[in-house]
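This is the structure, below, for whatever I ask next.
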Amino acid sequence: MENFFDFLTHGIEQFVAYTAFPNMTVGHIIMITVGLIFIYLAISKEYEPLLLVPIGFGILIGNIPFLESAKLQIGIYEPGSVLNYLHFGVMKGIYPPLIFLGIGAMTDFSALLSNPKLMLLGAAAQVGIFGAYILALIIGFIPEHAAAIAIIGGADGPTAIFLASKLAPELICAIAISAYSYMALVPVIQPPIMKLLTNDKERRIRMKPPRSVSKTEKIMFPIVGLILTTFITPSALPLLGMLFFGNLLKESGVTKRLADTAKGALIDIVTILIGLTVGASTQATTFLTPESIGIFALGAASFVIATAGGVIFVKVMNLFLPEGKKINPLIGNAGVSAVPDSARVSQTIGLQYDQTNHLLMHAMGPNVAGVIGSAVAAGIMLSFFMG
Amino acid sequence: MENFFDFLTHGIEQFVAYTAFPNMTVGHIIMITVGLIFIYLAISKEYEPLLLVPIGFGILIGNIPFLESAKLQIGIYEPGSVLNYLHFGVMKGIYPPLIFLGIGAMTDFSALLSNPKLMLLGAAAQVGIFGAYILALIIGFIPEHAAAIAIIGGADGPTAIFLASKLAPELICAIAISAYSYMALVPVIQPPIMKLLTNDKERRIRMKPPRSVSKTEKIMFPIVGLILTTFITPSALPLLGMLFFGNLLKESGVTKRLADTAKGALIDIVTILIGLTVGASTQATTFLTPESIGIFALGAASFVIATAGGVIFVKVMNLFLPEGKKINPLIGNAGVSAVPDSARVSQTIGLQYDQTNHLLMHAMGPNVAGVIGSAVAAGIMLSFFMG
Amino acid sequence: MENFFDFLTHGIEQFVAYTAFPNMTVGHIIMITVGLIFIYLAISKEYEPLLLVPIGFGILIGNIPFLESAKLQIGIYEPGSVLNYLHFGVMKGIYPPLIFLGIGAMTDFSALLSNPKLMLLGAAAQVGIFGAYILALIIGFIPEHAAAIAIIGGADGPTAIFLASKLAPELICAIAISAYSYMALVPVIQPPIMKLLTNDKERRIRMKPPRSVSKTEKIMFPIVGLILTTFITPSALPLLGMLFFGNLLKESGVTKRLADTAKGALIDIVTILIGLTVGASTQATTFLTPESIGIFALGAASFVIATAGGVIFVKVMNLFLPEGKKINPLIGNAGVSAVPDSARVSQTIGLQYDQTNHLLMHAMGPNVAGVIGSAVAAGIMLSFFMG
Amino acid sequence: MFIAQALQNASDSTSTIVHRNSELFMKIDPYGIGMTVMGYSVVFIALLLLYVIFYNLSKAMTLNIRRILRKEGKTEEANKIEEISGEINAAIAYAIYLYFNELHDKENPIITINRVSKAYTPWSSKIYGLRQYPR
Amino acid sequence: MFIAQALQNASDSTSTIVHRNSELFMKIDPYGIGMTVMGYSVVFIALLLLYVIFYNLSKAMTLNIRRILRKEGKTEEANKIEEISGEINAAIAYAIYLYFNELHDKENPIITINRVSKAYTPWSSKIYGLRQYPR
Amino acid sequence: MFIAQALQNASDSTSTIVHRNSELFMKIDPYGIGMTVMGYSVVFIALLLLYVIFYNLSKAMTLNIRRILRKEGKTEEANKIEEISGEINAAIAYAIYLYFNELHDKENPIITINRVSKAYTPWSSKIYGLRQYPR
């Protein structure tokens, strides 16, 4: 009997010890706040809600304090926990190519095909990646980490996660969060830079409406695109192979149901899992480190450099282009492939200076080219470090 | 040549030896009959068909007799067989949280929010769990098994499978089958108990229609709900985290496509796999044991206790509630969270005594609260045994 | 500084060494051409596009030349690469049963039930399997390889992959490609054989319209079908179990949403993954072998034998059938279960000789029976070799 | 002997077993005649049994259903059970249409039959309710 | 003691831990009374807290919303907040219909409430835009 | 040297390789100038080639298609190939609408172009059949 009350008291002791309260740290509170901010921005400001809601809620889930020593298989870093199993696809870089499959199936490359020279803008914006690489080395990151961080400048969540999983597994989480955060903030980051670097005349440049694109061209693009880009950088195959595969499913016209699933149920499921686990992997005890702060600083820098790079490149091109063929530098930012947000930014800013000048269509070109560009950049870095 | 006829005869011998007939036991016949009954009830009586059809057919698949010694990789317990791979998600408790994600995405907590005190009914009904725990200990189950079995009283398939996978892997199958069977039988089990415990006056109690619930409340519920419940029982995180995540996807209003997939393709796929493998794991040679019978007896008991507990709790509450705010005890059973069946039972019985008294809306509250309640109970037991 | 130029030159050297160009072989060119042909046939001729587009593009992806010694985790045979993870489902024979689940959910067995004797045609056509087995032994394949190759005659991609994964993992790829190629070529292979073996009178035989089939029969078919076929060949359980499970989901009438997902998102996802990885596994360096050529030759032979066997069997049956009940031999080919292509062939050829004689409905019977037939054949071979 | 072997096999890896059996067959069934005879006949037996069962079942069903219908006075439906030329023509028409449009879609057979499958059923008529529910 | 044990547990396999604890309980809580008392009360505490929070939250909300609406002059809407008998009857009607058609579909509860959930929200009204977008 | 290393690498674990290369770069390319020069130029080369190919391809296509159309007497369509202002305006209009409704949905670009993509195609016209088929 005495034994029993022993049990009760001990039980209560134990129960309390297992609740979140005694295990809570300042870090947990900070991260939970961050998670709530993500969710708020996603819902009320609608910044990339499909990414920020899962990530934000994932941050909450990942930062519920618990007695880690008790091996209750709760935490994402505890083998045997559900989150740990679902996180596998992030750690091994399996989810990103599947996301790319879906993106390929929902991306229309017509805008690009109707005016191929816009592809170069997609390349130009990748300067953000290499600029960030140099900065990362300067502030003291070792090269492989610097490379993994720099890719944030590619403005491509999946690409960033994929590269990080190969070069800097310990930084995946911070890199992914940083990449997605800035992608969501594109409408905030880019406008000032674009306005700063352009003059009124340039902002009013009109471009002639894109020409029609034939079905054949659209079918040939994923095929030629795959062979050409991966012949140059085979290490980009996992990403570009899937991207172009998805696009062929869409354009072939005979595999509609596969394309529908790839851009529907499949990408949704992977988005849910990648968002949730990336968010949950921000477990305060492992996430709040000086590195993480450095990574966020570099991420911001890379987006600024990329945007500026894209705009300036257009201005340089215009020096060589004849009147009437000049490009509006306000679409230069679109090489930052936060599809389709950066293209939308071009559209809004453009309208601010000419109510009838619609740049969206033209901006979509560099926008999708940027996806290819950053995948190629990731491929090169991979071959440099893993080769 | 002689050799060849040798081969023929031996071949036929062997072939016959590999057919089901020589390997059939009484157990196989019993289980196949059970499977057929499940399918019949699902199709003609429509008892939870989405669960019973897969489980029933799974029982058939799992009980086709075969020469186990021949390592043909057929059986669910043979490494390398397809069923064995698909069963992994049950053994490791991965499927249940995914089901909860979908349930969260399809559950509307308005009924609960419009009358929060109904949450207590969801707690009351969990007495079935602890009652069954005591009974299980009495009839001689060891504590960890007793706990895994007791959770059947939570009337939640996924929760039961999840807890069993951690505390009593060898009993998962019997526990899951028992849980799902009684969930399907709720319309048969509950009415007599409800009528027995209520008097005519009580059965006619009218409750005022629930008030409207604002979008903000519905968005805040999954967030506050997660933090609050998992701070108290972090070990319920895998289940409650996913449940509330799914619900936020639904209520945020900006992630419709993710919610649609979570409550569509994703939950359907997991339901097919969980039903099939749970059914198939009833392989006669391992399933027909005294334990299984005990588990079924305890399962029935737990449902009876839970229903009674819920009804009685309402009657006690009514002692303290002012006229006009009294609760109709016919919704007490709804804390047994076989959503939405037990709520439907309240509705039918209610109508039997007052053709114009619709209890469905009020019963949905305790119904969904019961899901949370049993997940919390599972969390506590986990921390007690795994801690 | 000198060091730095060193780096640049070396870097360029290295970069070039990693591009596809120095690693390209004649094999790569051949395979890429094959891939392009597959895609062309799929899109312009619409030969089984849902299979040939993924496989064709997979062949391209699998044959982008890269420096294999560099362990860049690109190739499907490199552990850690995404393709390698996705290929797991093929290597372990997990995808085929999932495809069968979907096929079951989209197949209507009414045509078969309304005239059960057509089931025998589904058996007859399986002579292609055993004919190919004999030929394979003659040209020197060892028995287990011969069996895995022979199943191509079953005209069932999933069945072929499943059997190969158990008996000849090293040949899966060639067997799968061969099976799918000939399934796509059914409209080209069968007509001449059918015309050769039938006379004008036979081709004009009219069959009375099939009778209505009751819901009960359709619900009982998957149940009885499962028990009966798997009692005889338990080793066909993984395939037939899933096929009949899917069909019950469809016919039960109470599990519509599960059937919809099984024949929708689920089968689409698996089709994408199986097609892509089977195609990619044709990596020139491992695929272009004498065996592969032998496998393709045998595949063609098996389809010819199967078609002939089906037609001849009908002619034999007709000897015993009374006037008015005779079967049109033009549906004999349909036992080759490339659903629904071979049935369509019966229809076209039939119309060529009698504009008003629609054989499609009758041909669907043997067509679906052929799926069951080849799964049974696969089961027998499995039990022979693995037993 | 085979069985004994099978039992002993239980301890080896799959591939070992497969290969041992394979060598055995190379010796005693070098041309695959045995495999062919047995395999082909088993395939036939399986489908023959299926045929026998459903041939009789459907016979029973049809009578049984017609009796029920007659009882309910649904005579015309009762006769419909026999012939469904109406539906079937529609079905064929549609099948042809699909055929000429070459929709390579395995679901065709379903569509072509759909109306037929709505035939009378002794099971709970609630079933139909479900079929219409919106996804 | 428990904690100490937990820390020491960290080195063992899950099942070992589970079993050790189990044996402990068999000794000190043979009839599960302790487990029942503690477990049941925790379940109540959890849902009780949830109740308290949302009881007060919803009170605050309602007032707050009504104030906003009043400010915007939407008085009738403001009152609607209190009672939704209109919707609710529709909802119930539909619920009954579903009930008698026995659609075993967990989404029912959603449907029954849908219109209600469209109530006024202080969040960005853009949200509604999304809800209609075609999949 | 690099290649030799690569070959030797084959025996090590990925992370080891990565780290060895990393240290090498720290020595010979401490500021990442080399990486930048090479990486950035490769990105440009890749997209430049893509540009060159499709610039010429589309030229060829357009001519080729117009020739075909002219042959078929579809002159107006032939001219349509050049300018699609009609469609494009519609597209933009819709894009704007979407834009102001802030539908964060990656499929937008598809919709905005849809009609355009229905332009004449030399491939089998059957293709269109499929696009309409009901899921």
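We just call them A, B, C, D, E and F in the order they show up, numbering each chain from 1.
We adopt the following convention: a contact is a pair of C-beta atoms (placed from the backbone, for glycine too) under 8 Å apart; a residue touches a chain by one contact, two chains touch by 3 or more.
Small disclaimer: the values here were computed from a predicted structure and weren't measured.
Under half of the residue numbers found at the chain B and chain C interface occur in both copies, marking it as a different-residue contact.
The chain pair C-D and the chain pair B-D differ in C-beta contact count, and the higher one is C-D.
With centres defined by CA atoms alone, the chain at the far end from chain C is E. Between chain A and chain F, the centres computed from C-alpha atoms are 18 Å apart. Here the CA centre of chain D is 47 Å from the CA centre of chain E. Mean C-alpha positions place chain C and chain F at a centre distance of 33 Å. Shown for chain A are the residues that touch two or more other chains, namely 11, 14-15, 43, 46, 49-50, 67, 70-71, 73, 80, 166, 219, 232-233, 253-254, 257, 260, 264-265, 380, 384, 386-387. Looking at chain D, residues 2, 6, 9, 14, 17, 25, 29, 33, 35, 38, 42, 102, 104-105, 123, 126-127, 130, 133, 135 sit in touch with two or more other chains. Residues 92-94, 97, 101, 166, 219, 222-223, 226-227, 230-235, 237-238, 241, 244-245, 248-249, 252-255, 257-258, 260-262, 264-266, 380, 382-384, 386-387 of chain A are the ones that touch chain C when the two sit in their complex.
Interface of chain D with chain C (complex): residues 2, 6, 9, 14, 17-19, 21-22, 25-26, 29-33, 35-36, 38-40, 42-51, 53-55, 57-58, 61-62, 65, 80-85, 87-89, 91-92, 95-96, 99, 102, 104, 106-110, 112-113, 116-117, 119-123, 127-128, 130-131, 133, 135. The residues of chain B lying in touch with chain C in their complex are 11, 14-15, 18-21, 32, 36, 39, 42-43, 46, 49-50, 53-54, 57-58, 60-61, 64-67, 70-74, 80-83, 85-86, 264-265, 268-269, 271-272, 276. Taken in their complex, chain C has these residues touching chain D: 46, 48-50, 103, 106-108, 110-111, 113-114, 116-117, 119-120, 122-123, 126-127, 129-131, 133-134, 137-138, 142-144, 146-147, 166-167, 209-221, 224-225, 228-229, 232-233, 253-254, 256-257, 260, 263, 339-341, 343-344, 347-348, 358, 360-361, 364, 368-369, 372-373, 376-377, 380-381, 384-387. Considering their complex, residues 1-3, 6-7, 9-10, 14, 17, 25, 27-29, 33-34, 37-38, 42, 123-124, 126-127, 135 of chain E touch chain A.
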